[in-house]
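Scroll down for the structure; my scribbles are underneath it.
All chains are identified by letter, namely A, B and C, in their written order; residue positions are counted from 1 within each chain.
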Amino acid sequence: MADTYLDLVSSGPGGRLARQLGLPAPARLRRHRAGEPLVPGPVLVLGRGEEADRIAAALLGWDLDVRRHPEDVHRFGAVVLALTELARPADLAEPALGLGGALRSLAPGGRVVTVSRPAPGIGTGAASATPAAAEPLEPAVAAARQAVVGLLRSTAQEMRGGATANGVLLAEGVDPEAPSVLGTLRFLLSGRSAFVSGQFVTVGDDAGALPADWEAPLRGKVAAVTGAARGIGAQIARTLAGAGAHVVVVDVPAAGEPLAALANDIHAVALQLDITDEHAGERILGLARERFGRLDVVVHNAGITRDKLLANMDESRWSSVLAVNLESQLRMNEQLLAGEGLGPAPRIVSLASTSGVAGNRGQTNYAASKAGVIGMVAAAAPLLARRGGSINAVAPGFIETEMTARIPAARRQVARRLNSLQQGGLPEDVAQAVLFLASDAAGGVNGQTLRVCGQNLVGA
Amino acid sequence: MDGDRYEPVVLTDIPSLGGLYARAAAGAAGGLLPRALTDRLPGRAPGRRRGTGGAPGDLPAVAHVVEAVVVDAAGHEAFCRTVGAPLHEGAGGTEAFSGYLHALAFPVAMSVLTRPDFPLPVLGMVHLANEVEHRGSVAVGEDLTVTAHAERLRPHRSGAQVDVVARLTRGDGEPVWTGRSTYLAKGVRVPGTVEESPREEFVPPAPTGHWRLTGGTGRDYAAVSGDWNPIHLSGPTARALGMKQAIAHGMYSASRALAEVGVPPGVPFRWTVEFAAPVPLPGTVAVAITDDGRGAGWRGSRFAGWDPRRRRPHFTGTVVRQEG
Amino acid sequence: MSESTPEQTVEPTAEHTTPSGAGRTGVARRAVVVGANRIPFARAHGAYANAGNQDMLTAALDGLAARYGLAGERIGEVAAGAVLKHPKDFNLTRESVLGSVLDPRTPAFDVQQACATGMEAVSTLVNKIRLGQIDSAVAGGVDSASDAPVVVSERLRRTLLELNRARSTPQKLKALAGLRPGDLKPVAPGTGEPRTGLSMGEHQALTTARWGISREAQDEFAAASHQHLAAAYERGFFDDLVTPFRGLSRDNNLRPDSSVEKLAGLKPVFGKSLDAEATMTAGNSTPLTDGASTVLLASEDWAAEHSLPVLADVVDVEAAAVDFVHGDEGLLMAGAYAVPRLLARQGLALEDFDFVEIHEAFAATVLSTLAAWEDEQFGRERLGLDGAFGAVDRSRLNVTGSSLAAGHPFAATGGRIVGTLAKLLRERADETGRPARGLISVCAAGGLGVTAVLEAR
C-alpha cells in the first residue's frame, strides 16, 4: 500500500529529479492530528457584506487569527471567500483577484474555501441535490453564483503543496452561521478534508448542531459500520470510535477474525452478519438497541468488486455486486426507518465511488451500484429529514487500500496521479469525510455525495 | 505335597538367576561354560553329571531352602510398577504383591531345576501353568523362608512335565504363599500315562482391555523379576535359542492379569493361570476380565488373554477369593 | 446476538433484584448463558497444525470479547482446560486470559475432566455465580491433537530424572548406562484408556455390539449430523457463535454433501476383532480435531447492567460414572445414568425437552444411549425404574449437528454444545413465547458423563 513514488519525490534529491523530468511532485497532505491547529496559519476572509463579516466573526470565535486584507501577512493558512451576497459577476472580481494574490503566500496544506449560494437548477457537480428555489433568480445573480463554481474548481487544480480548494453552498434562506455552514466550513478548513478538493458541499437548511468538543463530535452516539473488518471500513470504525461513538462493527462471518481484533482494539462490538441477509437491517438495529439503547449512525461501507468488461459479464458478477453494494443498502435503510430504535437525529452515510460518478472501464456492475447509491441518498434525503436526520454518500477516488494494492503496478501509479493532489488518498481521508457527514455538525447537509478523490480529473 | 519327604538343602543366599541360566546353558551345551562357574552352583556333586540323550532319572528328593529372605521395598515397587499393580498399605505395611512373591521364590525354584541331578533339560522348558495360594498378607520388609522342591514328574503328550513347588513361610512356619509351576520338557519321555484333560475350543470373550507390549517388555520384566532368560530379552537372543522372536514372560502376563483383576487388599485368594501360545514381543494382547462381584463384594474373576487378530489364546486363568 | 432478540430486554425478575445475590439471602440466584464463541473446529494436522492450545483458547476468548464488548472488562473468573496438555501449559487458562483482551486482573483456573472438561467448567462457574461468589464468568475448553505433547519413553524419563539427581560424573554415567537406543524414541500420546489399553473406539465397539446398533443406523445418524450442521451454517445460525481463526470460517470436518450412500463405502475401523460385525467407520466416528470454545456466563443482574442478552439459564448439572474397567458397563454410557438421575431431581421427563444434545463421540454412542433408555431391562436393572426410561424424539436431537460433523476437540466440545443449545432455546422461546427447555449429555473418557438442563424463559 505504500506509495513509494510519493516517498521518493518527498525526499530532497528525488524531488529535484522529479521536477527536472517534469514528473508530478505530490506533496504530503496536511491531515488531522489531535492537538494541531485547525489551519496552518492566519485565515484571510475575502468578500464583502454583512454575511461575510458574520462569517469572519464566527471564525474568530474558533480562536483563529482572522484577517480581512491580503497584505496583512506574508503566509496564510487559509483563504475563505465569503460570497453569499454576490449580485452580479463583477462582484467576484475583487475576491477572486484577492485570492489570486494570496495564493502564493498560502502555506503548504493550506485551504481555500468559498462560501456562496447555488444557482438552482444548474447543479454544482455530478450529484449535488440543490433544492429548487421557490422563486427564479435574477440571471445576473445566477451567473455570479455559478461563476464561483468555475472559479473554485479551477483554483483547486492550481493548488500546490497539498493545499485544497472547496466550496460551501448555502441554499436560499440558510443563515451563514447555521450549524452546518460552520460545520462544513470547519471541516473544509481542517486536516480532516485533506483529500477533498474541488468539491462543493451544499447546506440545505439550518438543521444540525455544533459539538461541545470538536475532537469528539460523536460523543455518546451509537454507530454501526458495515464492511468494517478491513481497509476503509476498519478505518471508518476507528475514526468514529475515536470521535466518541459506541460502534457496532459489522462484516461477513468469514471476516470475523480481523473484525474481532478491530472490535477489541477500539472497544466496539463485533457483529458477524452478511448484509445481504434479508433481516440485516433489523439485526443491526436490534443489536445496537440491546447494547446501547439506540442507533444514531449507520455507515454503509460494505462493498465488493467483480470486475469484467460488460461483454464478458456474467449474471453472478453483475447480481452479486448490485446485491451487496446497492440492494442491501436499500433494504437495510427500509428496515432501519421502519423499526424502533433510531436516535432522534439518525444519520446514514453510504459509500459510493468516483466510478459511480464518472464510470470506469471494466466496472459496469460496480459503477452501476455506486451510481445507484448516489441516486438512493438523494431520494432518501427527505425520508431522513422527516426523522430529523440525514443521508449522504461519500465517493472515494483512488484510495490506498489492500483492494487497490491489487491493481497492476503501472495502472496503479497512473490512477494515483490522475488528480489535483497527484496521489492516492488514505482510508483515513474517507473516514474523516464519513465522520463529518455522520456528525450533527453536518445536519443540514442531506442527500449529497461528497467526493474524496483529490479532485480526480476524470469525470469531474 | 509334603515337604517332609524332601531333604532340606539350605542355601546361604538367594541364588543368582544369571548364574543359574549359565548353569542350565552349560548343561545343555555339554560344558561350554567354564568349569569354575558351573562348580559353584548348588548341589553340584562332582562326577554325577546327568548324561545327555538318555532317559531321565527320578526327581531329586531335596528341598532347597533359603532363610531370611527380605521382601525388598525398592524391588517390590519396581516390580509393581512394571506389571501395573497398585501398592496397598495394610496394617503391617505395604502388602506384597503376589506376583512379586513368585519372582522372589523363583530363583530358589530354578536352583532345583538346575541341579546337576535334575533329570530334565532346563533350557527350552515351557511354562505350562501356575497356581498360587495367597493365604495371608505379606508385608514388604518381612523376612520369609523360601522352600522349593520339584514333584510329579509325569508324561505329557509332547514330553514330560514337572511341578516345582515353592513356599514362603514366616519364621513361625506359617505358610503365607505357595506356588506351583508346571513346566514341560519337550521330547523327553517318562513312564506313566498322559492325563488328557479335554481341550475346550477357545472362544474369545468380549475384551475388556488391550495390552500393547513393546519390544522392551521382556527386558523390563527381566529387570524387576531377575529372570533374564534370553528368549524374553530381544529378537536376536531369542533366535539364538531357536525362537522365532522374543516372547513375553508368562509370569509377566499372569502378574499383569492378576494386577488388573484387582483383588481387594487383605483378601486371601487362589489364582491359577494356564499358558497357551506364547505372547510375541512386540505385540498386542486382547484381554478379558470377567468378575464375580466387584470391590468389597468381589468373589472371583476369570481372565483370558489372546491374539486379537488370530483369536488364538495366550493364557487363561482364575482368581478366586478364599475364606480367610 | 440471536436474530430475534431486539425485543428481548434483560430485566431482573422481582425475586432477584437484590444485587447481593445468594450470598446474603441464602437462596441461590440464577446463572445464565449470555452467549458463546468458538473458533471453527479443524481436523488435526490441518488448518491449526501450528496453533497451540493457548493460541486457540486466546482466540476464542478474544472473539467472545469482541461479540460482547468485553475488551478491558474484568470477568469474575475464567475456567477452561485441555485434555492433551503440555506440562508448560500448567496455567493454560490464566495464560490465555493474559494473552487476551480481557482485563489482566481476571482470575482463571484450569479444569480437566476429559471430554467433559467444558461441561465441568460451566458447572463449576455456574455454581459460583449462583452462590454469589462471582457475577460473570467464562467457561471454556480447548484441545489440539496436532500440537499434542510428545512423550519420551518411561525409561528415558526415569534416566533423565536420575541424571538430574546425580552429583558426580560416575553417578551420571551410571544413570545413562541403562539407556538403550530404543528408549530415545518418542512415545505416541496414547488415545487408549489407561486402565484397559482399549481405544475409545474399541470400547464403543463393545457397547455398539452389546446394543446391536447397525451400520446403517450409524451412517444415517452421521449423515444427518453433517446435513444439520451444514443447514445451520447456511441459515447463519453460527454467525454469532463462531469467529473464524487462521483462515478457517467453518468447521472443516463438515461435509455438507455427506450421505448414507457415501458413508456406506467406508471400511470399519473399530470392533474388527469382535464376534459381532464391525460397524464403526471413520465416517460415523469423530476425527481427532483442534479447536477451542468459550461460554459467557453471568448473573442476571450483571447481564442487565452490561446490556447483554440472556440466552438461557443453566438449571442443573449431574455427573455420573460407570464401572467400565472389566466391562460392567460401556465406557461412554455414563450419560445414560446421569440423565435419569438429573431428570428425577428436576421432576422432568424426556418429553419435557424442546431440544436434546447428546455428544456424538461416535454415532453409536448416541444410538446406544437411546437404545438403553428405551430398553425395559436396562431401565429396571440398571436404572432401578419400573421399566424403560423413555424415548427421545429424534426430531429434537442434535438439530444443528454435533461432533460427528463439527469435530471434537475434546475439552472444547462442552462449550460448543452449551452455546449451541442456549441459542436454540432462546430462538424457540422467542418464537413460541413460552419457556424452552434443553438437555445436554456429554460422555467422557474414564467412564464419565456430565449432563445438564438449560432453560430459556
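Quick notes
Methods note: contacts are C-beta pairs under 8 Å (C-beta built on N, C-alpha and C of every residue); 3 or more make two chains touch, one makes a residue touch a chain.
Just so it is clear, the model here is predicted, and its values are computed rather than measured.
In terms of which chains touch, the assembly is arranged as an unbranched chain of neighbours. Ranked by separation of Cα centres from chain C, the top chain is A. Distance between chain centres (mean CA atoms), chain B to chain C: 47 Å. Each chain gets one centre point, the mean of its Cα atoms, and the points for chain A and chain B are 93 Å apart. Put simply, the C-alpha centre of chain A and that of chain C have 50 angstrom between them. Put simply, chain C touches chain A in their complex at residues 1, 3, 5-6, 8-9, 59, 62-63, 65-69, 71-72, 101, 236, 238-240, 242-246, 249, 307-309. By the touch criterion given at the top, residues 155, 180, 182-183, 192-193, 195-199, 202, 206, 209-210, 273-275, 323, 325-328 of chain C touch chain B in their complex. By the touch criterion stated above, chain B contacts chain C in their complex at residues 204, 206-212, 215-216, 219-220, 260, 286-291, 294, 301, 308-309, 311. Interface residues of chain A facing chain C in the complex, by the touch rule stated above, are 253-257, 259-261, 263-265, 267-274, 277, 279, 282-283, 285-287, 289-293, 339, 341.
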